[in-house]
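Next up: the structures, one after another.
Two complexes, one shared chain (subunit A), two partners (subunit B, subunit C).
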Partner chain A sequence: MKPSDFSIWSLDPTKGTVFYHVIFAIVIGFAIFFALMNAPTQVRRPLTWFLTLLSGGVFVVAAYWPKPINFDAKTQKPLNAIESGSVFLADTNNVVGSFTQILAAFMLGLGIFSLLRIHLGKIAKKKTDWGFSIVLLVSMVSMITFGYWDYTTRQANKLVDYDVQSNWKLENMGRDFLFDKLLQQMDAAMFSIIAFFILSAAYRAFRARSVEATILLGTALIVILSLMGIVSAYWDGAVTSLAGDSANKDLILNFKITEISNWLRNTFQTPAITGIRFGIGLGTLSMAIRIWLGLEKGGK
Partner chain B sequence: MKTKGIPKFVIYLLLIIFTSVPLFFSIPVPGQPVDASADAFKALMNLKEGDEVLLASDWTGSTRGESMANMKSILRILMRKRAKVAIWSTADPQAPRVAQDVMAEVAKEHVEVDKQPAYKRWDDWIIAGYYPNADVAINAVAKDIRNAFSTRKETNPEGKLKSIFESPVMKNIKTVSDFDLIIDVTASKTSDFHVQFLSAQKVPLLFAVTGVMVPETQVFYNSGQCVGFLGGLKGVFDLEQMMENGLNIKGADGKVLTGNSKVTDEIPGFKGMSNKGSGTKYYPTLHFALLLMIVLIIIGNVEMFKAKKGAQK
Partner chain C sequence: MPVEKVGWWSNNIPQLGEQYWDTGWFGLLFTLTFVIFIVFNVSRARKTDLFIRRVAGLNAIEEAVGRATEMGKPVLMVPGLSDPVNAYAVQAINICAHVTRIAAKFSNPIILCAYSASMYTLAQEVIRDTYQSEGVPERYDLDSVRYISDRQFAFAAGVSGLILREQTAATFFLGEFYAESLIFAETANSIGAIQVASSTEATQTPFFIAACDYVLIGDEFYAASAYLTREPVMVGSLVGQDWAKMTAIAFILMGVASQSIFVSSKAKLTEKAFLAAGGNKLSKEQSADFKDKFKAETKTAKEEETKLFNIQKFFKPGPPPEDLDMQREKLPQEPEAAPGAAGANQ
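What follows is the complex of A and B.
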């Protein structure tokens, strides 16, 4: 007998009983779905809250429940109720994790549906800039078509190496043109625009208006200079030769730009970021607890 | 104090000139690796033939200047070490396709340029695909990788679709701790989730992040939660230099070309192979862009002080 025999989440797929479990789960799922759809708001809200509590509870309990250590050597059964609970929770954790993957996949379908509804409506009514909607829909359909065509070709001819260009067919060329030659390039082009804004912002905003701003400016300049190999090589070289074999050698070597930059990073930057992240963590935790317990937006 | 200053289009034009002109010239730039890069190189070079590596590829075209360059350099080392690599993605649905394209390119170079034995899919590397919800997916892998990857399949040399756990790459993997190294090439928060869920699994973590992520990743490096990281273009440049010159290895003149004071081990590189790529090519460009930024900041401040003086008069 295996540990999976004690958990409803990991039934042996080769056994016929799993089929009845699946049917039962689908029926129950649809029943809950339709009941929720037809339920009045005052019933739906607490039900949604209860499901949130239940789903979140799995992860909370799994985190604090003792981990399974071993099984009875002869029977391979969990040694006691706590061990059984551990096995059950470990399996449940995986299944609940899979639920979120499935929900994310549903969101993709929902996104496509939403795009089609909005842009087809825009085209039908010839609203402002409806031409862009055509471009968007044509782009989406061609990417899906060539992407899926390319995928099915690759799946159907497993012995052909489609990473070699000489083996490409129309669908592979189409996918490569749309994905690598267009989408990826546009993606990179859009992101590179940030460089222009950063430079313009640095010129206009990085000014020594106050003591704090001057300190910030000075530290930023040191870090920027330390990133420049030419500067750091010559600066550090000059400091090293200045230190030579003098009595204050160790003190002087601290003035290497890489040393100053490391000191700034390790002494100021890292603790500051750690503090900020700690604060964010506490905020996230409190928000998670509020959502989990249904305290947000009067979920009860 | 509002000043007119340099018009935006002049700044933009200067940036275009400063970042494109250096690309047409080969400009040698000196530079020693930072501690985090040296540690990353050490972790990669410590891999032995057949070691299993889980490589998260969480980047797309938007950050390819840094991420693709990082990915290529890392893959070159992994291929030369004949490590077994499992690639997966959680940050973006485009990521697996992008990773596959890069892998194809580097694998081709490995055979045609470096004259090494072919690095084959299924035998040497597999792709476990994309998983939405990075935090949940990474947590699932940390808890039970066989369950998390249970539905993923790859084609074996006979052309049959088989579970990735039947491949030579994954056959020995029972838990995530069985990997010898976990790498995340990322442009997003996935590095946080790796630390959150995987740092307790006693597997060395290594990150290759974009330049803007360096400060936050430095926290994980300083605390020992990752063994090393490659930060932005400087990280790629460092890695390429160490691949070419080795680390702390003396040249013919007895001088160390690429050295680090924290990582004192002498680690030979791959002299004579295709080591230098985008990092070496783009690093001079980064210099010019940073130089332009410094000059503009200085001009901006001079303008401000002049305007202040004018107002006082």
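What follows is the complex of A and C.
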């Protein structure tokens, strides 16, 4: 099946008509852009809402519309209106989803502009720690330069095996040094700092200042000990030998530290987290409905 | 005969192998019910005052900004790591707008750190609008909303550096946070900043609880708009959420009850049938065999019932197309058998 037979979103690029569609889309896009820019607030809000409703509606309908299961065995075309609809929606979904990426790409320019304004201003006025701003700007420019240079070289020489270091040129070495050798390692260093922060936070959280804090301390201690191999081995071994072949064997075996820990995690922790997640899910759904229906007045 | 094309809601919708409406119908029903709850409660909230319980974390916002004003230090806000902007980010920005409104009243400087470029653009617009709506557009500083980085730990390093350099007196971490949550919270804690935090990631909430002064847990994060603005739309949708929660709880209880009662009644049914079939007169082997057979039959019947318990039972499947002649195309390496070859072999 060729999707282009059923959808206006994925046209055959070899056909000349596709260019008319592209030109038409650009004209419509610019028209909407200028209409939004020049419209008064009273008009801009409903227009924005209408576009939100329209693009959000695509995702909603695509989520609930039956998915295509099989096409006509002979023609490999949708069997009926429902399947034609689902093919159309699947294509539309992809196109509308990529709008977000296009918009985000435009906004990245604004983000870079913000960085430049703040840090160039800082350097010009020689504010405190202005040297760091120079480091930031130099890093940003060199990463963009080497990243793009490396990308274009790789695209131009697709037959070259860049996994072999002897094939590398300056741009490949530069990108490798900046991205893999510096940025990735610094990311890992920041991540490793969390271990120390966990220690200091745990020290404060586990001080038995109230009944709740004492319960927290007790349960945390049990879970921590159960994860320590030597403790769990001795504790569980002692409980097993205590149980022996006594009549209350099954009852006593419940007091293995691994059993208590599992009980705490499965009976208290998991349901509590599930409950919190459920609440967040409902809140998100409610928020999404408000945004979609234009009921959310952001920041008001 | 060509395959007949059928229309929407036509009785002969299901064709061979199709499973329309076979999955997810309960999700659709629940979502629709939820939407009805929200719309109904929004209209109810317009007529009557609906109750919202006290949320300590939200009451602390004014106190935190007031403290920052007294100390003459800025307020720092991080609306999460959403990229691109999603429902979490919009909610976080809503709360940040409220914080900004209070800061604007007190003429207190603010810093908002954006993780993504789209968040940066949105935050800039909302914060500017907030200053304008408070009648003090001149107090809006363009540099107060900053784009830091869209790499998680570069962002964490940038925000931590800002907290330490600016010595912020109050910090608000609201939205989608992951592993970097504790880096922010502990850094702010180390300089004695008053902190209000909330993460939509349940796994990060304990970190915030350990290191922050006030934490909005779970859906309290979404209750903030309703709590702070008391707008009927917000309050109504919050109450609608609560109704949905009640419905879910009712379903859970019904599930628990049906499982408990059904299992018990099934056991009784087995026993009754066993006695009715003269089970007490059977030998030990016969009785065990009977029980196994009865259990297997009950299980099969239950499975059949489960399969039928969907909306598809309202649609009778149509017969397969008469001319459906699915013949596999012959592969190139599979030559036709020479005529008479079979006979030659014989």
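Note that the second predicted complex is superposed on the first by the 246 of 300 C-alpha atoms of A that agree within 3 Å, B and C clash if a C-alpha of one lies under 4 Å from a C-alpha of the other, contacts with A are read in each partner's own complex, and residues count from 1 in each chain.
Definition applied: a residue touches a chain if its C-beta (ideal position, glycine included) is under 8 Å from a C-beta of that chain, and two chains touch if they have at least 3 such contacts.
Not measured: the values here are computed from a predicted model.
**Q** Answer with first, second, both or neither: which of subunit B and subunit C does A:I291 touch in the superposed model?
**A** second
**Q** Could you say whether A:S200 touches subunit B, subunit C, both of them, or neither, answering first, second, both or neither?
**A** both
**Q** Of the two partner chains, subunit B (first) and subunit C (second), which one does A:L137 touch, if any: first, second, both, or neither?
**A** neither
**Q** Which of the two partners, first being subunit B and second being subunit C, lies in contact with A:I230: first, second, both, or neither?
**A** Once the two structures are laid over each other on A, A:I230 reaches subunit B alone.
**Q** Which partner does A:R277 reach: the first (subunit B), the second (subunit C), both, or neither?
**A** Once the two structures are laid over each other on A, A:R277 reaches both partners.
**Q** After lining up the shared chain so the two structures overlap, which partner does A:M173 touch, if you call subunit B first and subunit C second: first, second, both or neither?
**A** In the superposition, A:M173 touches no partner, neither subunit B nor subunit C.
**Q** Could you say whether A:I118 touches subunit B, subunit C, both of them, or neither, answering first, second, both or neither?
**A** Only subunit C is touched by A:I118; subunit B is not.
**Q** Have a look at where A:T100 lands relative to subunit B and subunit C in the superposition and call it first, second, both or neither.
**A** both
**Q** Between subunit B and subunit C, whom does A:Q184 touch in the aligned arrangement: first, second, both, or neither?
**A** In the superposed model, A:Q184 contacts subunit B only, not subunit C.
**Q** Touching subunit B in one complex and subunit C in the other: list those residues of subunit A.
**A** Subunit A residues touching both partners: 100, 104, 183, 186-187, 190-191, 198, 200, 202, 204, 273, 277.
**Q** Once bound in the complex, which stretches of subunit A touch subunit B?
**A** For this pair, the touching residues of subunit A are 90, 93-94, 97-98, 100-101, 104-105, 155, 158-159, 163, 179-180, 183-188, 190-192, 195-196, 198-200, 202-204, 206-209, 217, 221, 224-225, 227-230, 232-233, 258, 262, 265-266, 269-270, 273-274, 277.
**Q** Show which residues of subunit B lie in contact with subunit A when the two form their complex.
**A** Those in contact with subunit A are residues 5-6, 8, 11-12, 15, 19, 29-32, 34-35, 60-65, 94, 97-98, 100-101, 104, 107-108, 131-133, 136-137, 139-140, 143-144, 147-148, 155, 159-161, 215-216, 218-219, 222, 234, 237, 283, 286-287, 289-294, 296-297, 299-301, 304.
**Q** Considering the complex alone, what residue numbers of subunit C touch subunit A?
**A** Listed in rising order, the residues are 3, 5-8, 10, 13, 15-21, 24, 28, 31, 34-35, 38, 42, 83-84, 87-88, 90-91, 93-94, 97, 114, 116-118, 120-122, 126-127, 129-130, 133, 142-143, 145-147, 150-154, 156-157, 165, 179-180, 182-183, 185-186, 200, 202-203, 205, 207, 209-211, 217-219, 221-223, 229, 231, 233, 237-238, 240-241, 244-245, 248, 324, 326.
**Q** Which subunit A residues qualify as touching subunit C in the complex?
**A** Against subunit C, subunit A makes touches at 64, 66, 69-70, 72-74, 79-82, 100, 103-104, 107-112, 114-115, 117-118, 121, 128-129, 183, 186-187, 190-191, 193-194, 197-198, 200-202, 204-205, 273, 275-280, 282-291, 295-300.
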